[in-house]
Each structure stands twice: as structure tokens, then as C-alpha cells.
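Two complexes, one shared chain (chain A), two partners (chain B, chain C).
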Partner chain A sequence: MAIIQVQNLNYQYPNTDSKAINDVSFEIQEGDWVAIVGHNGSDKSTLAKLLIGLMSADSGDIIIDGQKLTSESVWQIREKIGMVFQNPDNQFVGATVADDVAFGMENRQVDRATMEARVDEALKQVDMSAYKDREPANLSGGQKQRVALAGVIAVAPKILIMDEANSMLDPRGRQEILETIKRLKDDLQLTVLSITHDIDEAANADRILVIDDGRFVDEADPSGIFSHGEQLIEMGLDVPFSEKLKQALAKRNVAVPQTYFNEGSLVDWLQTSRLNK
Partner chain B sequence: MATDITFEQVNYWYQSGTPFAVQALKDINLAIQPGSFTAVIGQTGSGKSTLIQHLNALLKPTSGQVKVGEQIIDHETKNKHLKPLRKKVGIVFQFPENQLFEETVIKDIAFGPQNFGMDEAQATKLAGQIAGLVGLDASLLNRSPFDLSGGQMRRVAIAGVLALEPEVLVLDEPTAGLDPRGRLDVMNLVTKLQRQQHLTIVLITHQMDDVANYADQVLVMANGELAKQGTPREIFSDSDWLTSHQLGLPSATKFAVKLEQVGFSFDPMPLTEDELADQLAPQLSKGGSDHG
Partner chain C sequence: MDKFMFGRFIPGNSWVHRMDPRAKLVLCFLYIAVVFFANDFWTYLVMTLLLLVSVFATKIPLGVFIRGLMPLFWLMIFTVLIQVFFGVGGHVYWHWGWLVLSQNGINSAGLILMRFVLIILISTILTFATQPLEIADGIESLLSPLRKLHFPVATLALMLSLALRFVPTLMDEAEKIMNAQRSRGVDFGEGGLRQRIKTIVPILIPLFVNAFNRAIDISTAMEARGYQDGENRTKYRQLKWQRIDTISFAVYAVCLGGVIALRYLS
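Our next item is the complex of A and B:
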């Protein structure tokens, strides 16, 4: 079933010449991981803000879990969507990690016993139980984003939207978040929508949508998108290392395969080539 | 005049002399040559940012001394003597776009030189030149810096530091949070400044590919100590040591390690995809393999 349906969505910022979102339609199936990529300024975040009703579209429909997004339904719909933003420092309100995770539930009048149990469970799921009583300010970037994730999953959303949640982290923090998301998605049967420039994050998606100038210009699975080589840079993604190496080998007159190979399959191909020499 | 930088037995304690004192730098000795490109790597919290703040005396050694050209900085150095140093060594902090504040791009870039006594007309002229150098289109100069994209804002912030015409440019993760296009643009700018303007570059980064591609010298910080220093080839030759310090390898080196496990051999270990391809091509069948 499509848990997110977007039909002919349009949005234009005041005092601008062109539409930020230009007649966009797509569907996301329940339990899928979809990555939305695009260079800076391609209005990926505008789309996310429309999906959770932070801004309302000029025309078109957004249907979340069978319910149309309107000014009346927006609060019910937000119960179903959790969102993690780019800058971990901009999303903390609590004095301790536990307070912070509880904040979303306090807004929903969850009783104290349930709240405490859910805070503990959520922190366990993101592997941050040991930091329960710490101040969020003293955590590393990756730890902060995991606490933000705990706050989101504590209110049991069906959909998780990550808006460049990885981009301010060091490589280790990035790895922590990716592994946490993969695990949460399976454990909690989440639908994941990641807005990203990170090729490793995009590689985990079932499907990648490429947005440019407010329109979807391409859609494929990761290997379909990654076969675009140098054009990936303009799509807001890096070129995978396996593709860079293939190009470098082609320049040295090695007949390399045309289709996309991930690193594992490229190792296999190179080994076969070496043994055939 | 070319400026070289040396650290001699530098120790730094935060909250020195209090029960909360924490030693952030331990017995640091190093030298940075004029016109060179030095990469500083290390885990978050290893002392990288504390180290670079000693380069223009935002922090002063608790003991030991830092020499920048003729100027010696130790714990007794008075702030009033630091103006020439602050002009000579420009630091671009993390997410520098957070420090933009002026009404227009050109005013923001011209702020620094005016603060150092240049008149407005001259500062504006200089700011225009620097904006061109960092690749900001002239049409952007009278816009508010807050209307620009992340990559453009980053360039305005770097231009603001360059407007002081420093000899040494220190950058703390200048590509963090940018998209791949923005990252390439910033790194191309940094190498252009080194090669064409002969600036000394000190770059804090987590991107090992950038270290492999651009650095002459690598400083590895761990727990406040300078755990290792050397060329990228020296540093990346010991992958076990790097892994034990939770630091990565360049993509090409990482891939070469995988290939060694299936029978390829490399000497020396490649650091970039071109080095890898150079050594790989002669080991492969000319026609490629049949399958796949």
C-alpha cells in the first residue's frame, strides 16, 4: 500500500519568479526506504516541509496513510511522521537526554509511567541508554542525532523523514546513524524518506528520486542512479568510488564493464580479469 | 615575506589553575613550511581545534612557545601585540556562514579590512576583488548574504577572511555540510589559493581523500597529543594503526587493501584512484574479463 501519495503538488515562495515545487507526483510504499537527492537549492527541503504541513501547497494533494493533508488533519498526520533535521544542535529542548526524548510525548499528554518506559526503550533502540542523564550539549554529533532519533521513535511514527540528518557529522557519526536507521527500519517497520547528499545513505534506499528545479527528473534503484557517473555531482551526489576507478581504468585502455558495479562486484570482476591474463 | 610556523613543547590546559583543568594539548612539537599544505586529522575531541587556535593566538600556550615568522607567542604574550599576527594568519572556523551579519555580501567581506583600519572605499574595492577570487558572481555582491545557498555563504565567509590578505589560511572542516558540488568548489578554491596566491594552508578534515589528494604534510592528533606526523604516504601506509585510532583510509587505499586479499599486489600502496589504476592496469587482461 502507498503510505505517501503526492499528486500534482505545486508551491511557489512569495516574491520569486518560479515554482519551488512544480507539478510533482509520486508514491511511497509502506516499509520502503526512498532517498530524495538533488543539488543544494533544488528544493528538497521544501518538499519535506510540505509533506509534514509546515507549509501548505498552492495546489495538489498529499495523502498520508490514507488521510488527506488539510489544515484540519495536519495534527493527526504529524502523529504519523517523525522528522530528524540537519543540525543536531538546533533540535534540543531538554536539560538531559531523557528529558529531551520525553518532550514529544509530553506534548501528547502521555502518562508518566508509559513515558518513562518508552524513553528507556527508545534510548535502548538507538544504543544511548548509558547517556540517559547526560546533558545533550556534551554529546558528539552522531550521539546527538541518535538522541533526536530516539525522541522521534518514542512517539511511534509510521514514517521517518531525515532531512540531511547525516551531513554535519564526521564519518564515524555518519556510520552510527546509518546503522541505527537500518536497524530501526526493520525493527519498527518504518517507512523511511531520506533527503540526502550522502552516497552511502542513498545506497541503502530501495529507490532514489532525483529532484532538480522543483521537478523529479529521474527515478531508479541505486545501481540505476549510480551508473550516471560524473553527472551524479550535478544531482547532488558524489560519484561512487567504483565508478571513479572504472573511469580511471578506461583511460588506461582497460575494457571495463558499462553497467554499474558496486565495490564488491568490481573486486570480483578485477580478480577474474587478472586470472584471465 | 614567507612565514614559517613552529610549535616547541606546547602544552595547553583549559581552565588552567582550577580544579576543572583539562589538558587539551600535550607537548606538541611541529613545523609548518611556508607555502605548504598541512592536513590535521584526528577524532572529534582529539585537540585539532585547540591546536589551530594557537596559530593566531586565540589561545596561548600554557607552557612552551609557538613561533609564527618572527613573532613568539607564549603564556606571557599580551593581546595588544597580536594585531599583526591576526592579520597574517586567517582562520575559517566550522560553519563560518553562522558569522555572516552584514546587510550585503560586499559589506560583509569588507568588514575585516575596515576593522584593521582600511578606509571604506579601499576595503570595498578589495572586497570586490576577493569576491571574484573565490568565484562569487558580481550579481550577488549587493544581495543579503542570507539569501545565498549554503555553498555561496561558505565562500562569502572565506572571502571575509581572505580580505585580511593573510599569508596563512587555516580552515576547520570547510566542506562540512556542503553538497558534493559545493565540496569540490571549496577544495578547488583552497588549492588555487595555495598554488596561485602561495598561501600556507592548514586544513582540519575528516575527508581522507582530500588529505591524499592535496596535503604535503599530515598531523594526526589523538587525545591532545601529536600522535604522528608525516607525508600522506607515510601516514596511510599503516592501516592497522589508523583503524586503531578510528581514522579511515583514502577510498583508493581502502579498495587496494580489498584487492590484496584476492591476490593483487601494490607497492607502494596507492592513495588516489589514478595511482591505483596505474598499478592495476598492467595486472589485468587487456580484453577485460568475459563475465559481468
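Our next item is the complex of A and C:
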């Protein structure tokens, strides 16, 4: 059962002469992790805003969890979607960590006793319990993003959309967020849609959709996408380390297999090939 | 910025810190109102004692409060001088042309100075011992009767708490922009008045533009998290009226009532 269905979506910003989203159709199955990648300016974020009805498409349909997105159903649909945005500072609404986690619940008119329990639970899930009463000014970017995640968990959505949520973090912060999301996805049976150009984030996905100039140009699982090698850079993605190593070996006339290896399987292959010499 | 103590919050766990912000706000207003009733030695003595008890109850050393008065030092000197030399009536001690040093002048200068110090200190107690956020909550709660007049209390409260939440963030940003502009050769605090005003522009404009972008991002994030309007929401933060608030109220009521009685009975 497809939880997100998008059919022939078109969107054009006022006063521009090309479409930002050009006849886009795709489906996301429940429980999948899908990454949408593309270079800067390929209007990835526009897609995210269209999905939660912050902007309305010129034509086309968005069906989320069996419900069509219209101006009437927009609030019900937002109940099902949690979103983490790019800038850690600009999505921290509450005055303290606990307030921020509670913000979404306050909007859904959850009573206070339930809020207390859920705030604690959500903060525990993202390992931020010790920071409950801290103010945003003394948290790191990665910690703020984890609080944003806790705010999403607290309202228990079915879908998590990450709109370049890792792009302003340091490598360690990125790693922490990714691991947290992996764990949460399994615990809460989330469908994850991450819009990104971070290679590690894309590598975690079940499927990768490549968007370019408002069109979907490619769709495959990570190994299929990463075996493109050089073309990845044009797509706006970095090349995974294992691919870089393969290229470097190929330059030095070592015969490497064409299929994509992640780091683990590349190590296995290297060891066996060394033993074969 | 470090020297500027006025309006800062000093964390602690004293009697005053634990009080309900609504109680603190109301008592602070009442105190300021009653300061204007005090007019002789005895009434001022009661007011001063009440203030000292309140200061003691914050567990913050008196020296810190005095330092909070320092930025206003020149303003106090100025008002006192004006009062002293322009007060007329009573016994004249000394005069030179139109400058007159008279008994009334000295009396009213003393009164004004006392009022000044008392009002500033009582507001300092409020800000030192109450988190800005709590003050915002208190104001919202005190304004809630205005809902009947269709005044958007919840919206105002949200604006207030968002504003407070972004003060440190914008401070950091201003600092960053200043340093970035310095590294490009902008000289702050140099030259005459016109020159100085000109150097403010390269800080203000980026700060404004960033604030706009920030506002767009925040409103997007808020909508995505289900914020529709200020009215139909539950509240995570709740204020609790405790026994210490009632006791404080009683103490203030006795003292302030005493001051007003002294004024009209004597």
C-alpha cells in the first residue's frame, strides 16, 4: 500500500519562466526509507513544502495515506507527517527543550498530563533527557536537530520528512542523527522521506530518486545509483568512499568489479583478491 | 554588555525565585504605585525595610543590586541637581543669581532620589529572580481577562516568548556580522557622529534580512507542526500559586497598607 502517491505534480513560482516541479510522479510504500537527491537549486525543498500543503501545486494530485491533499484536509494530513528542516535554529520554537517538544502536542490539544509523559519519553528516545530544561542558545546544532526529532516523535506521525536536516551539521552530528533515525524508524514503523545531498544519508535509503531541474531523472536502490560513479557529482551527490577507492584502483590498472560495494563488502573483496595473488 | 546588569536573570533557588511570576509582577506594580504615596521619613523607612527584606529573600548579594544601579548613576545625579537648584520655598541657605539652595529643594531632591532608587531596585529584584520566560507567562496570565474584549492574548504571548527565545540568537548573529564586517575593514566606534552612524548600516541591513528569512523559516516550521491559531491550544507550561505567594502577598499588603495609612493619618 503506497502511503505517499504523487501524480503529475506541477508547480511554478510566480515571476519565473520555468517550472520548479515539472510533471513529477512517484510512490512511496509504507515503511520504506526513500531519499530524494539532487544538486542545489533542483527544487528539492519545494517538493517537501508541496507535500505538507505549505504551497499548493498548480496541477496534479498528492495522496497521503489514502487522503487527497486539499485545502480542507491539509491539517489532517499534517497530523500524519512530521518534518525536520534544515536550519536547527530556525525551527526551535519553544523557549526550552521541553517546551519545544511539547509545541506540536499543544497544537493538537493534548492534555497536560499526557504531554508530560510524552515529552519525557520522546527526549529519552533521542538521548536528550539530560537537557530537558536547557535553552536553545546553549545547545549544539546536532542537539537542536535531535530536539526537533523528539518534537516529531511526540506526536507519533506515520511519515517523517527530512528536508536537508543534516546539511548544517558537523560529521559527528550527522552520524548521530542518522543512527537515531534508523532506530526510530524500526521502533515506530515510520516511513522516511529524506531530501538530501548527503551521501551517507542516501546510502541508508531503500530507494533513491534523483531530481534534476524539477524532473525525476533516475530511480534505483543505492547500489544502482552509486555505480554511476562520476555522474553522481553531476547529480549533486558526493561519490561514496568505496567508489572513490575503486576508481583509484582502476587508475592503477587493478581490475575492479563494476557492481557497487559498500565499505564492508569492498573490504571482503580486497581481502579475497589479495589472497588470490 | 557584561557591565549592563539591569534586566538580567541570575539563576538561583531562593524564596523569590520559587515564587509565582504573576505574584511577583503584581507585587512589583503595587510597590511602585505605593512609592508615590510615601512622603516622609517613616513611610520611606517602611518602604526601604520592605525592599531590603525582599532583596535578602533573593539570596543575591546587595552589591550586585548596587552594580545594577550604576548605569543610571549620572541620571540620578542630574535629577538631584535639577531639584536642588530649582526648588523654591522654605528656608534659603544660599543663592547666587538664579541658583537657589533652599530647604524645599533639598527635601524634594531627597524624595526624588529615594523614589528613583526604590523603583529601580524593586524592578531589579523582579528581573534578577524571574526567568524572562516566566515573566512572559505571567503577563499572559494577567492579561487573560482581556480575552473577553477579543484582545488576542495568546498571540501576544506567543510573540513575546518567541521574541525572548531569539534574543540570544540574534545577539550572537549581530556579533558575527560585526566581526565579519571588521575583517573587511569597517571601523566601529571611530570617527565623528556621522561616521559612526554610517558604520551601523553594514550591521543593521544583514541583521534585518536575516531576521526576515528566519521569520519565514520559523513560520513554515510552526505550520508544519500543526500550529493553526493561538486559541485552540493546550498549554504545557502551567503556573502554580503556592503558599509562599500567599505569604508574600500578606507581608506586602500589611506594609503597603501601613504606608498609605501613615500618609493619611499623620
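Everything that follows uses one rule, which is that the second predicted complex is superposed on the first by the 277 of 277 C-alpha atoms of A that agree within 3 Å, B and C clash if a C-alpha of one lies under 4 Å from a C-alpha of the other, contacts with A are read in each partner's own complex, and residues count from 1 in each chain.
Methods note: a residue touches a chain if its C-beta (ideal position, glycine included) is under 8 Å from a C-beta of that chain, and two chains touch if they have at least 3 such contacts.
Note that the coordinates shown come from a computational prediction; the quantities given were computed from them, not determined experimentally.
So, on chain A, is it clash or fit between chain B and chain C?
Here chain B and chain C can both sit on chain A without a clash.
So, A:257: does it touch chain B (first), chain C (second), both, or neither?
Only chain B is touched by A:257; chain C is not.
Is A:109 contacted by the first partner chain B, the second partner chain C, both or neither?
In the superposition, A:109 contacts chain C only.
Where does A:92 make contact in the superposed view: on chain B (first), on chain C (second), on both, or on neither?
second
Touch check for A:273: first (chain B), second (chain C), both, or neither?
A:273 sits against chain B, while chain C stays out of touch.
How wide is the angle at chain A between chain B and chain C, using CA centres, rounded to the nearest 10°?
70
Contacts for A:54 in the overlay, against chain B (first) and chain C (second): which applies, first, second, both or neither?
second
Of all C-alpha distances between chain B and chain C after superposition, which is the least, in Å?
It comes out at 5 Å between the closest C-alpha atoms.
What part of chain A is shared between its chain B contacts and its chain C contacts?
On chain A, the chain B and chain C contacts do not overlap at all.
Provide the residue numbers of chain A that touch chain C in the complex, in ascending order.
Interface residues on the chain A side: 49, 52, 54, 75, 78-79, 81, 83, 85, 87, 89-96, 98-99, 102-112, 115, 119, 135-137, 151, 155.
Using the touch definition from the top, list the residues of chain A that touch chain B in their complex.
Chain A residues touching chain B: 39-41, 86, 140-141, 164, 167-168, 170-173, 197, 232-234, 236-238, 241-242, 244-245, 248-249, 251-257, 261, 263, 265, 267-274, 276-277.
What part of chain B is in contact with chain A in the complex they form?
Residue positions touching the partner: 43-45, 95, 149-151, 176-182, 184, 206, 246, 248, 251-252, 255, 258-259, 262-264, 273-274, 276-278, 280-281, 283-292.
Help me check something: in the complex, which residues belonging to chain C touch chain A?
Contact set of chain C toward chain A: 133, 161-162, 164-165, 168-169, 172, 214, 217-218, 220-228, 232-238.
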